[in-house]
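Two complexes are shown next, each including subunit A; its partner changes from subunit B in the first to subunit C in the second.
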Partner chain A sequence: MSQELQFDLRGQICPSTLLTALREVNRHRKDLRQGSVRLTIHTDNRDSTATIPEAVRNMGYRVLVEKKDGHYLLHIDFPVEDQGAGA
Partner chain B sequence: MSSIPSQQKDGVIVEQEPENEMECLRRENARLRKDKALLSDYIRRKTNQLLRVMGTATLQPEELDDATLVEVDPIGIVAESFQQVLEHLQETNEDLDEARQDLQAVFDSVGVGIMVVDSDMRIVSFNRKMREWFAMDDDATGKICREVVCDGAQSEIGCIFHDVMASRRGEKCGDTVLGGRHYQAMAAPIKNARGEIDRVIIVYADITDRKRMEDVLREAQVRMHSIFASVQAGIILVDCETREIVHANPAAETITGYRLHDMVGRPCQGFICPPPKGQCPVLDLGETIERTETEMIRADDRSLPILKTIVPIDLDGRPHLLETFVEITELKDMEESLRQALTEVQSGRERIDAIVRSIGDGVVVTDTEDKVVLMNPAAEEFFKVSLVGENIHEVGSLFEDQRLYQNLVSALTSSETEDFHRTSSVREKSRVLQGRSSVIRDLDGRERGHVLTLRDLTREREVERLKREFVSNAGHELQTPLTAIIGFSELLIGQEDLPEETRQECLRFINEKGEELSTIVDNLLDINRIASGRRLQLHPEKCDLRHLASEVLVPFRSKFTRHDFILDFPPESLLYRVDPQKLKKVLESLLSNAVKFSPEGGKVRLLCKRLDDGFELSISDEGIGMAPEQVQRMFEVFYRGHTNNPAFSGTGLGLAIVKEMVDAHSGKMWVDSQPGQGTSFHVKIPLLDESDA
Partner chain C sequence: MAGSWEIIIFCGTLVLGLMAGWVMHRSDFCLASAFRDLFLFRSAFMLRQIVLAVLVGMVLFEALRLCGLIAELPFPMMGPASWTHLLGGILFGCGMVLAGGCVFGTLYKAGSGSATGLTAIGGIVLGCLVYGWIHPWWQPLRERLTWSLSWDIPGALGASALLFKAITAVFLLVMVLYWSQRGTMHREAHAQGYLQPRHAALALGAIGALSVLLVGMPLGLTTAYTKVGAWLVTLAVPHPAQMPDYFSAVAMDYRTLLGGVPLTGGPTPHWDGISLVQYPLILGVFFGSALSAQRLGEWHFRWRLPANQYFLALTGGVMMGLASRLAPGCNVWHVLGGLPILAIGSILFTTGLFPGAWFGARLLNRLLG
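On to the complex of A and B.
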């Protein structure tokens, strides 16, 4: 089971949110790619639900956008084949 | 930063004297702000450039002020992210390359030919099957596909590429003949983002084998249809599930009298199966194949004898019944004629067989290979062996008498008439056989075998012998009384002075011998009549048997005084209708025999018994008796049982005549006798009707 790291970026606007999100993805790049970590970004900036997934997907990650309690949750992980196969 | 170049001119920085320190600071501050703004702008531009490359939205100044911009190091963040984008692209390219290789493998190994051409009809790529089928090599790339694949023969009309370009969608071409083989071609356009056709992919499937199979199938169907139409037997095809006729051939129309449209869709029951039967022999009664002779009711209600066969078959994946039938009217007529002819032949054969079996003559028939094909019981009796089925040359070991066997072989292999004696074993008497053989020829004169007829001449030869004996004997029998008559008459003529008593004696002898002669002559006449086939004429009248017997006994008692004659008759009346003269002769003859073969002093008993349907007379003596063989032959004409003893003279006619007279009364006659034990003759005479005469 991978570890979930939460980042609450509510109150920030894009592209600050984007840059923060990219910075966290870069920081946890190794763990993400190994599948031991997944990130959940909390944001209330609607534009970020388009810019973050767009940028992160180009980097090879998988993003799931979820709306919850008046804000957005962006779940980011790396599609490790073994994980998918085992699910 | 103590001095700031104010301006550059010809590569020489000219220091300007500040108006004042504040002005200098102000200018320096302004320059620094400008440099910072330039730096922010630079960072902002570079960051946006990277973000655009990453494919995301750019930074907006109002969203991120310069101070924050410098603080968060967006270039560093975006550059690192961009590095990940590049790595991801590289991985994606590797995956794509792998996928392309997989696709190429499929492309080459698939059983169809695949070719991609550009919008100018130039070949872009093709797979291994295309190389194999159309002798395409690497040089084909870039060439016009029509010149390579279609060998320039295909015009625009019928060219699938042009069809796709015209319709702008997928097209299919049923049968294209290229290089002597048949292909089915399918093509589809590949469009770019603007909807223009960049490529056309064409797929070829080799359908030559399928075409050949289809041709073979079509030819077979044509042949089947031709057979179906021309065969003289009626054929009806029935769907097992609906039990309806689905097809019928022209012969079925002719035989049934129904047209095809009358039959198709109708239940099969009632066309060639008689309606009363009710159940299908195959579908209801579980028979695998039904083959029967039956009668069919035609459209014109005429009954027709047919021979039908029903076979279940699968057709188009559905169970059917194939019912075939032929009219057998002529066959039935011929069968009936044949049956009659066979019956007649069989009857004739049985008749001939019965004749051959029952005739007294032996018959042996051989075929051309000298094999015995017929031998009747008389012949088997002659040879004491059955030879049917045997080769006449291979049965020598079955014969005790090799001379007889040689006679048989000789007779059956020549056409000469032959007489041969059967020299029998000690237990049997010698028999005389006459074999006569002749060649059997058919209507064309070809030899078919031999037939040998065997006649038993034993009896004929015996009769001839008996006749010879009779003539000699009769001469003697006639001579004896004649001698006495002549002697006594000469005495009477020559001596006139004979005493009257002697004369009377002589005359009585002459009379007596004359009576004997008369009897002998009567017997000869009777025998002659019997031999000529004339039946004795009866003259019946009511007679008292006791009186008749007493009359007969008188002369015997007076003549044979030493014999004891006993008359044993019941006390009641014995009145019967008989021919008295003939019955007297019977009694005289039997009494005469009894006296002849009895010793002097012997008892001769004459017994009479009443029966419900007539009476029985028995004459018994105590004489020498007879052997069984003598008993068996005693009624034969000329037969004399005791020829060896001259004392027992006779003509051999007496008992034959007695038998004839008893037969004339419809009576029966039999004998009980043993050698040395005496003899009893029994005569049974039934009640005669008034009409018997």
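On to the complex of A and C.
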């Protein structure tokens, strides 16, 4: 069962959403790749709903975007079939 | 009492602003990100959209000129190139990166509820009004640094404007088509009601042309911000004679082609031609974005943010405001207004945006990263 780490970045100045997402993905990469952690980014920055998935998918992660309560949640994890393959 | 053409100009510009605000919000189309992301994230995606917007402007402005629907070029308040355009561009480029958006970017973000966007606007007004005291020594310097060439590239080369613009437009079109074919003009999107930036670029190019048709000038805001700054100075200064001379300058004096409306004005605290053209544009962009956000259920005002972000927004705003007076002009004025008519001053300003954005991105990485 993986732990979910939440980051509320709503209202923040551009481009701190993308910078923070990249920083946290890198910081938790070992746990993400082992499947012990999932990240959820809360943002109201519309641009980041395109730029974060683009960047993070290029790094091999999986991203799901959902809209809830007037803002966006970006769920980031590592594909199950690739977990445990090392950082 | 306003004549009917003044009312048409006010309402028409308001509608153009509403459309621009809506489009920019839906697409999150900010020129600042175009230059910033090149250095911060090694992404040229938004820069490609800017190329498209410039191409659209170039074609439409030239079409208007050939149809006799532009009184004269360069546009009012655009003059010969000066090295101050380059210096202003560098300062502006850094400021817009720190502020999280350019002059139009911070406005549409403020409209959708961004507290840092509002803060940046406050900074822009402050930067514009500070220039009032700098003007006496900057203006002679600007004149000394003015190029003796024609204001535009075809004029400087003694070439046909139509032929030069046609060749440039074909070159830009080939680039856009090449990028389209490679799929690099499209972005996978997840935001509700998302407008692809390339469609926003087409729309903004067309809105700029409609502005030229209606009022004889492309989109611009910063002189209006300076007027707000001047008005604030009148509240603090006991006697009008103590106001810096800059705040009584006349920046433009011409007649529109449609309706023959005399438009005279400058960075004064009073209502004038600048107010008629730029105030409704500011209101339109702000409320166009607000309406777009509200329709999506995305309008929220969140102000509990890290203090350093307010500091960045304010500092970046002051830099943009000051740069817009030093150059003069802002990024939208030069990139979407001056570049399409191959104004050398606008080319210098745009060139300056690159090192400015590079420096701003380095600072931003240290402060936000």
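In the analysis below, the second predicted complex is superposed on the first by the 79 of 87 C-alpha atoms of A that agree within 3 Å, B and C clash if a C-alpha of one lies under 4 Å from a C-alpha of the other, contacts with A are read in each partner's own complex, and residues count from 1 in each chain.
To be clear about the criterion, a contact is a pair of C-beta atoms (placed from the backbone, for glycine too) under 8 Å apart; a residue touches a chain by one contact, two chains touch by 3 or more.
Not measured: the values here are computed from a predicted model.
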| item | value |
| --- | --- |
| When subunit B and subunit C are modelled together on subunit A, clash or fit | clash |
| First, second, both or neither for A:44, with subunit B first and subunit C second | second |
| Touched partner set for A:34, first subunit B, second subunit C, both or neither | neither |
| Greater residue coverage of subunit A in the superposed arrangement, subunit B or subunit C | C |
| Touched partner set for A:70, first subunit B, second subunit C, both or neither | second |
| Touching partner for A:3 - first (subunit B), second (subunit C), both, neither | neither |
| Contacts of A:25 with subunit B and subunit C, given as first, second, both or neither | first |
| Colliding stretch - subunit B into subunit C, listed as 20-28, 56-64 or 200-208 | 56-64 |
| Touching both subunit C and subunit B, counted on subunit A across the two superposed complexes | 13-16, 18-20, 23, 47, 50-51, 54-55 |
| Subunit A-touching residues of subunit C, taken from the complex the two chains share | 25-26, 28, 30, 32-33, 36-37, 40-41, 43, 99-101, 109, 113-116, 187-192, 194, 296-300, 302-306, 309, 312-313, 364-365, 368-369 |
| List of subunit A residues in touch with subunit B within their complex | 13-16, 18-20, 22-23, 25-26, 29, 47, 50-51, 54-55, 58-60 |
| Of all residues in subunit B, those that touch subunit A in their complex | 51, 54-60, 63-64, 68, 72, 74, 77-78, 80-81, 84-85, 87-88, 91-92 |
| Subunit A to subunit C touching residues, read off their complex | 10-16, 18-20, 23, 44-47, 49-51, 53-55, 65, 67, 70-72 |
